[in-house]
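What follows is a pair of complexes built around chain A, which joins chain B in one and chain C in the other.
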Partner chain A sequence: MGRYILKRILTAIVAFVGITIMTYCLASLMPGSPLDQLVQPESGISNAELAAIEHKMGLDRPIYIQYFFWLKNMLSGNFGISYTQHRPVLELITGRIGATLLLSISSMFLALLVAVPLGTAAGYRPYKGVDYASSVLAFVGQAAPNFFVALLLIYAFAVKLRLFPISGMYDSGSSGTMAEALRHLVLPCFALTFQHIGIFTRQMRNSMYECMSDDYVRTARAKGLSEGIVLFKHTLRNALLPLVTQAGLSLGSLVGGAIITEQIFSWPGMGTLMLKAIKDRDYPLIMGITVIISVIVLVGNIVIDIIYRLLDPRIDNKV
Partner chain B sequence: MGERVLEVSNLTTVFHTKKGTFPAVYGIDFTLDAGETLAIVGESGCGKSVTSLSVMHLLPDRIGEVAAGSSVKFKGTEISGYSNKQMSKLRGDEISMVFQDSLTSLNPTMTVMEQMVEPFMVHRGMKRREAEKSAVEMLRKVGIPNPEIRARQYPHQFSGGMRQRVIIAMALSCNPSVLICDEPTTALDVTIQAQILKMIYDLKKEMNTAVILITHDMGVVAETADRVLVMYGGQGVEQADCETLFTNPLHPYTQGLLASIPKIDDDTRLSTIEGMVPGLGNMPAGCHFCDRCPYCTERCREENPPMYQVEGREVRCFRYEEKDERRTV
Partner chain C sequence: MKRSNKKNSAYFHDAVERFMHHKLAVAGMAVVIVEILLLIILPMVMELEPNAITPAINMAPDKTHLLGTDTYGRDTFSRLIYGGRTSLKIGFFSVLVQAAIGIPLGIIAGYYGKWAEVIIMRLADMFQSIPSMCLNIVLVSVLSPSAETLILVIGVMGWPAFVRLLYAKVLSIKEKEYVEAARTTGTGNLVIMLKYILPNAISPALVAFTFGIPSAILTESALSFLGLGIQIPEASWGNMLNAAQSVAIISTKPWLWIPAGMCIFITLISVNLFGDGLRDALDPKTKIG
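This part shows the complex of A and B:
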């Protein structure tokens, strides 16, 4: 188990280095220099002064040197200063990261919470009512883009029924209680996870359906175990394995999807910060957010690998 | 032999497929006494496994079904109409089953111990600790070295032969009256096969368990069985005690089956039965074997022969009609 986790962490570090290289290269390849944003053309600044600023910012060095400086600073917690907001990038991100994590993690749990029981019921009794209903839900979920689902949810539950607030994380002018945040969380969480509910339910249903005809299930019945034990103790654990893999794959798209969903619901997370940074060509902020998001996804994947290992003891032999 | 433990008569099993409903087993009859070993033999697809799964009520859900008019009596009690709940009291306790593939038959995500204690806890009402002791004892009995340590491991850490021992230990946990072994040694090396068969034989003697051995290996039959039921196309075609069957097979199919066993001192080409077992829904109207039978007549194609009683054995072939002992002239 220890070796397994160590191996996962080492793999994640390699992936992290790869991501930083790509992030830095892509940011450098974008047209326009950061100086264009900082310096107004009509300010009448001289070329010598311009070169001095360029040198101070390290922009006159070769790109790989720039990269190492950036990496070194970042690892010591210095993500640079936002060009447009003139505050440390790390400070801007830490102010927003909680909201994004709350949205992404609650969406993941909501998707699993719906998909596991529904998929299990559908796979256990295939080609019956629950199965058909879950199939419809799954296909609609997979087909509907989440910005569209978000608009429908706002129209139905916020505008018409007035059950949930339209946007934001707290009511304006309130001190912000947990209950209030949760009430605001419902719609964006559903909008973000709707697609994943579909994907997860389908996955769970199929793996349950397949596991039910596995030999060990027959062995369990031949031992005289009750259907409940056969289902929950023998079959479910095996049927969960593909779903755990799927959850790991979906983690990235869930965090990525959060950027759009946050924008629609004015959720004060990293997504809104990211879009603004892109619009402003605020490179330090863009790169900082990209790196932080990839760290979240990498850590999430390690957690999922550990869960997988706990569910399936055969993994040790495969790696 | 001992008390009659199992009496199967007119067992018919149908399969519901996309193309329609077809019988897989056509009215099988056999009996089993305490301590006896009955071998059910035949080619793949002849209905051997379906027969045993029908007895156990373990046919695939919604696909396989035991037809009305079938009778399965366990110690004199009709169990063919039992509910799943009633059956689960018998399964693993009075009637146990060992399956062919030892790797897939054990749950890969549970330790051997977790799986071994279940029969003791469910049928004997034991607490976990007590059940673990009995499980270790049972594992020792089937020849697993260091059972206390091995039991904490997962199935994938066992070899094929060891896994099959675990499965047999699990099946025999509650000292069942009937043990059904569905090709228990097919997936194993020949040397391991012999060990496992000997072990089943020894435990059977010790516990006076009746065994149904399903196999297509005539060598295994010759070594272990008291009585043999030969199946073809979902029907019993011949039933006799082991020695009689091997020395004097009556049914053309049994003759073909025995002729296909390679003999070391014989230089002639190995004999085979031409053709294939007819599939579900493709059964000939007459005798199921008629398409492959060297003695086939017009009558065989139109009419399915009944089981004739000949010299204390049973055979389903018109060639023995004259000799039928039940015949009233």
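This part shows the complex of A and C:
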């Protein structure tokens, strides 16, 4: 197990380096230089001073050296200063990261909470009412863009029924309690998760359906075990495995979708921060957020992989 | 040669038959065909002016404006039709770019194995493990948003799906006798890949192509919705929904955003159903349930 985790972490580090290279290349393609923001034309800085600053920032070196400068700074926690908000990028991100994690993690759990029982019931009794209902849900879910779901939810639950707030994390002017945040979380969480409920339910249904015809299930039944034990102890545990893999695959699109969902509901997370940074062309902030979001997804994938290994002792953990 | 042709046509005959049994898939295909025909024919037979700004702003649907007008007095129905053309066009061409990158890489990874496999498959892993929406946003804003940029970005970010499906298929094809035979007679690797592997790997490519289109349309509309995709005045289904970012419009002018959202929804669900049927028909072994 230890060796497996180590190998997994090494692959993640390679992916991390790849992502930082891509991010850096993208940022260097962006128009304008970091100096433009620091040096206003009217500030009257001489060319010699400009060259000195350029040298100090490493901007006169080849691009791959600059990349290593940036990587080294970042690894020691220095993500640079935001051009427009004039505060350290890391400070801005840590102020927002909690809201994004709350939204993404609660969406993931909500999707699993709906998909596991529904998919199990559908796969257990295929081609019956529940199965058809879950298929419809799956196809509808996969085809509904999260921003359209979000607008429909706002229309139904906020405008017509006036049940939930549609903007921000707390009521304006309030000190902010947990209950208030949860009430604000309902609509964005559901909008973000809807698509994944569909995908997860379908995955759970299919793997349950396959497991039901496996030999060990037939053996368990032949032994005269009760249907409940066969279902919960023998089948469900195995049927859950592909869903764990699916959850890992969906993590990236869930966090990516959070960017849009946050924007619609003015959720104070990294997504809204990122879109603002894009609008302002605030490169250090854009790069910082891209790297942090990627790290979240990479770490999340490792955690899910480890859970999979723990659930499935059949896989040789020494590999 | 004649015999293999016969075998192929029998396979496709069976596949068509299997597909036609899949009623939902046939329905999905019918909807897509009708939609494409409408998008092509309607601008020829009706007077549609998607970008004409008129004083008749924020009109509810009536006889002259089937779906009302927007805040600039533009006809929503015209914009819906032209927006659909844009969205479908971007969906199709970006998957074409994905295929152009993914099919060769998938074949190379499967055929050569070893280092080619390690590098290509790890690269695919990496692309799939990063939140692509995040990089899409950065890429589009660096390259300045336009239809061409979207096609390029969605194409370059989305190839791993092709690689995965092709790779798995090529692994089984390269063990076949005809590949072995070609190799022993001294046929070059490139010829083997083009002449023996590619034609036999066409069905996973078709499946990947079909499923790629809805996800490309989804990405395009999400970016356009955020204002980072197709730029007004040009219409796309995504940027029509962008107009609904205020509660006032959501609650009082549903004709501005519900039709565009429903069009995306119906297109995606139809293509997905079609793709499901196609996958089951082309490869009966993978059929589940």
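Definition applied: the second predicted complex is superposed on the first by the 291 of 319 C-alpha atoms of A that agree within 3 Å, B and C clash if a C-alpha of one lies under 4 Å from a C-alpha of the other, contacts with A are read in each partner's own complex, and residues count from 1 in each chain.
One rule holds in what follows: a contact is a pair of C-beta atoms (placed from the backbone, for glycine too) under 8 Å apart; a residue touches a chain by one contact, two chains touch by 3 or more.
Since the structure is predicted, the reported quantities are computational estimates derived from the model, not experimental observations.
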item: Fit or clash between chain C and chain B when superposed on chain A; value: fit
item: Partner chain(s) touched by A:214 [first = chain B, second = chain C, both, neither]; value: first
item: Which of chain B and chain C A:152 touches, first, second, both or neither; value: second
item: Chain B versus chain C as contact partner of A:133, first or second or both or neither; value: neither
item: Superposed model, chain A: greater residue contact from chain B or chain C; value: C
item: Which superposed partner A:166 touches (first chain B, second chain C, both, neither); value: second
item: Which superposed partner A:301 touches (first chain B, second chain C, both, neither); value: second
item: Which of chain B and chain C A:290 touches, first, second, both or neither; value: second
item: Touching partner for A:227 - first (chain B), second (chain C), both, neither; value: first
item: Partner chain in contact with A:313 - chain B first, chain C second, else both or neither; value: first
item: Where chain B and chain C come nearest after superposition, their Cα distance in Å; value: 12
item: Common interface positions of chain A, toward chain B and toward chain C; value: none
item: Interfacial residue positions of chain A with respect to chain B in the complex; value: 212-216, 218-227, 229, 233-234, 237-238, 311-314, 317
item: Touching residues (chain side chain B, partner chain A) in the complex; value: 56, 58, 60-61, 84-85, 87-93, 96-97, 99, 101, 104-110, 118-119, 122-123, 154, 156, 167, 170-171
item: Complex contacts: residues of chain A adjacent to chain C; value: 11, 14-15, 18-19, 22-23, 26, 29-30, 126, 139-140, 142-148, 151-152, 154-155, 158-160, 166, 205-206, 209-210, 249, 252-253, 255-257, 259-260, 263-264, 274-275, 278, 281, 286, 289-290, 293-294, 297-298, 301
item: Partner chain A, residues of chain C touching it in the complex; value: 122-123, 125-126, 128-139, 141-143, 214, 218, 221-222, 225-226, 228, 241, 244-245, 247, 250-251, 254, 257, 261, 264-266, 268-269, 272-273, 288-289
